[in-house]
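Encoded as structure tokens, here's the structure I'll be asking about.
Order of writing sets the chain letters: A, B, C, D, E and F. Residues in each chain are counted from 1.
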Amino acid sequence: MAESRFERGSRILASIDGQGGQAVVDSLQDIAPELGNWIVEFAFGDVYADPTLDARQRELVTLGSLVTQGDTAPQLKVHIAAALHVGLSRAEVIQAILQTAPYVGFPRVINAVNLARAVFQNEDEAKVHEG
Amino acid sequence: MAESRFERGSRILASIDGQGGQAVVDSLQDIAPELGNWIVEFAFGDVYADPTLDARQRELVTLGSLVTQGDTAPQLKVHIAAALHVGLSRAEVIQAILQTAPYVGFPRVINAVNLARAVFQNEDEAKVHEG
Amino acid sequence: MAESRFERGSRILASIDGQGGQAVVDSLQDIAPELGNWIVEFAFGDVYADPTLDARQRELVTLGSLVTQGDTAPQLKVHIAAALHVGLSRAEVIQAILQTAPYVGFPRVINAVNLARAVFQNEDEAKVHEG
Amino acid sequence: MAESRFERGSRILASIDGQGGQAVVDSLQDIAPELGNWIVEFAFGDVYADPTLDARQRELVTLGSLVTQGDTAPQLKVHIAAALHVGLSRAEVIQAILQTAPYVGFPRVINAVNLARAVFQNEDEAKVHEG
Amino acid sequence: MAESRFERGSRILASIDGQGGQAVVDSLQDIAPELGNWIVEFAFGDVYADPTLDARQRELVTLGSLVTQGDTAPQLKVHIAAALHVGLSRAEVIQAILQTAPYVGFPRVINAVNLARAVFQNEDEAKVHEG
Amino acid sequence: MAESRFERGSRILASIDGQGGQAVVDSLQDIAPELGNWIVEFAFGDVYADPTLDARQRELVTLGSLVTQGDTAPQLKVHIAAALHVGLSRAEVIQAILQTAPYVGFPRVINAVNLARAVFQNEDEAKVHEG
């Protein structure tokens, strides 16, 4: 039987964001459950599902977008973690953020590298606890 | 003798943007020549010069940033052409633009794919004239 | 048989935007046909389909959003026409634009009322030609 | 005797925002008292005073504008409360926020529904304390 | 008899923008005359009227704001002309635009210096015709 | 021997931001040291170094830019302090923020005067401790 949009979206969401994306979707259940569905079905079931770009390439575009937009700290943290989860290195994530400097200036970039530091530290602490 | 920042920036600018980037720099000579120098030296001599990300990866970030920012049509056209110049396919450029839809909504994305169409058509016409 | 998301979206799109929305969707067929589908299925088939707000209320929110975002002239023209099409008066459309002045300042508002004038004039001319 | 702009603005501010708007105006007295006056006189005495749109319609436009602009959390909380105060239901407020998703993407919308949840909870707690 | 807000605003508008500001106000008469009044009364009669900053200082802030916001080309042209009208030199206007580069990146700055060139050329042509 | 870009940038950074700017640069050493260098060399060694505008004029432009951009609270606090450090009065800083109201609306301006109050209070407390 064919995979539904929701199933495809859930599978891709998990493969990209690990647990972070599903946590966002779950957190919306009490206030706007359709918003969670749209993120799964439209963002991941439709947009991310096209194989022309791989997950690493999609996260590079997404980092460029979120750093530039501003006022997206929670989403930027999820996607910095997602970028690492799909195989970009910490150095590549930092360089992706720095790449936006000529286009959006230093304030957005400074705030984004500070968020990256926090994500890296959370990861390090999680590994210590697991270890 | 060591390559200067300006020389390094000019070399990288040419390798990424082809003639489009230099045309922007040249166009600023009469009104704000230091701005042209900063683009060569800072954007290309400093930011793009780090080898951690390759030119294709940097253009994916840049497309994500420029689509999101808005009111950047001239720069977006230069960087759509640059993305093709460094080896991304037309399909990859379109997918990079579409990847921003969940993050910035449809208006920015519609306007950007319309710019991409114009860049592709310019390229096709240039090839006819060359042929 | 149940109406599909695409059928529901197409029906709602036509009821709200008249011919203007379908023209946008059609214009994307050659460059990014999935984008046209997403607009029909996600924006109109999912978001607009909820009956909690009626079409007039949704267009008031949409005008507030598009005026504020900036660099959305083509979309703003479509939605000014849509606002009239679903029954808002010209005076209500102008007041909706003016309502954003305390929140986004005068430049966005001046540019938006100039677009509204153009939409109103197009409509007047179309009526003369029909008459 | 005719109502002054300040009196008209104060009356409309109270009718729309309840105590939240006046609290903002009062909070500015020590640092920029003219800013408080401008909000009363220009935003409420001039803009909101036109009867073409009613208070519910104006709050729909305002929610569309504030969600879209970003970095407006304090103002968005005041206007979510104002929307409820003038008679929009919680479901209508959530739908107004969701309506912006096709135009500004998910990050702004996720952050806004999280603010709405907080405003609803504050209201519920206030009712318990009153009760 | 005391000068009204409208009279004060009109006087300051003329002193700062020369004919350009009044032309904007006049152009709004047919579509949203209250918007023209608000610009005169609120922007110029209230905000600009405070003597703490002089007209040159206010135009420096305004240039920083308009370059940064984006999609404000008509307003930026009016205020580049206004900056010259109140006594800033062409070199100071260009430097004011360049000063935003570290904060908003190159695209906004490139587009703004291109607008400045157009304003300077218009002025030069007007002088030739007057001469 | 000629002053290097880094030396010139460091000197100008200290003259404008006092200790606040260097603190930002230092804070980036562990996560993105080249970003700190770019701020010193490009922003201060190149952009601020041109003598056409003095430091007070540059801070007026910068305040206009940062208030308008939004999501720049840390940078706005540094530059409100910098504006005072180069000789603008508190009243001039507040007026510079208020000057953006007609161009970006009240939310950005309210948030910025609240940041200014915090900077002024920090300064007052520092003086008490020094005294």
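The rule we apply is simple: a residue touches a chain if its C-beta (ideal position, glycine included) is under 8 Å from a C-beta of that chain, and two chains touch if they have at least 3 such contacts.
Just so it is clear, the model here is predicted, and its values are computed rather than measured.
Visitor: Touching both chain A and chain D: give me those chains, sorted by label.
Guide: The shared contacts of chain A and chain D, listed by label, come to B, C, E, F.
Visitor: Using the contact definition given at the top, which chains are in touch with both chain E and chain F?
Guide: A, B, C, D
Visitor: Looking at C-E and D-E, which one has the bigger number of contacting C-beta pairs?
Guide: Spelling it out, more C-beta pairs touch across C-E than across the other pair.
Visitor: Per the centroid of Cα atoms for each chain, what is the distance between chain D and chain F, given in Å?
Guide: 31
Visitor: With centres defined as the mean C-alpha position, give me the chain B-chain D separation in Å.
Guide: Once rounded, the distance between the two centres reads 41 Å.
Visitor: Name the residues of chain D that each touch 2 or more other chains.
Guide: Only 34, 38-39, 42-43, 47, 50, 66, 69-72, 75, 98, 100-104, 106-107 qualify.
Visitor: In the complex, go through chain B and note every residue touching chain A.
Guide: Those residues of chain B that touch chain A are 39, 42-43, 47-48, 50, 52-53, 57-58, 60-69, 72, 75, 89, 91-92, 95-96, 98-104.
Visitor: Show which residues of chain C lie in contact with chain A when the two form their complex.
Guide: Chain C residues touching chain A: 34, 38, 42, 46-47, 50.
Visitor: Where on chain D does chain F make contact in their complex?
Guide: Contact set of chain D toward chain F: 24, 27-28, 30-32, 34-35, 38-39, 43, 66, 69-72, 74-75.
Visitor: Using the touch definition from the top, list the residues of chain E that touch chain B in their complex.
Guide: Per the stated touch rule, the residues are 70-71, 94, 97-98, 101, 105-111, 113-114, 116-117.
Visitor: In their complex, what parts of chain B are in touch with chain D?
Guide: Contacts found on chain B: 100-107.
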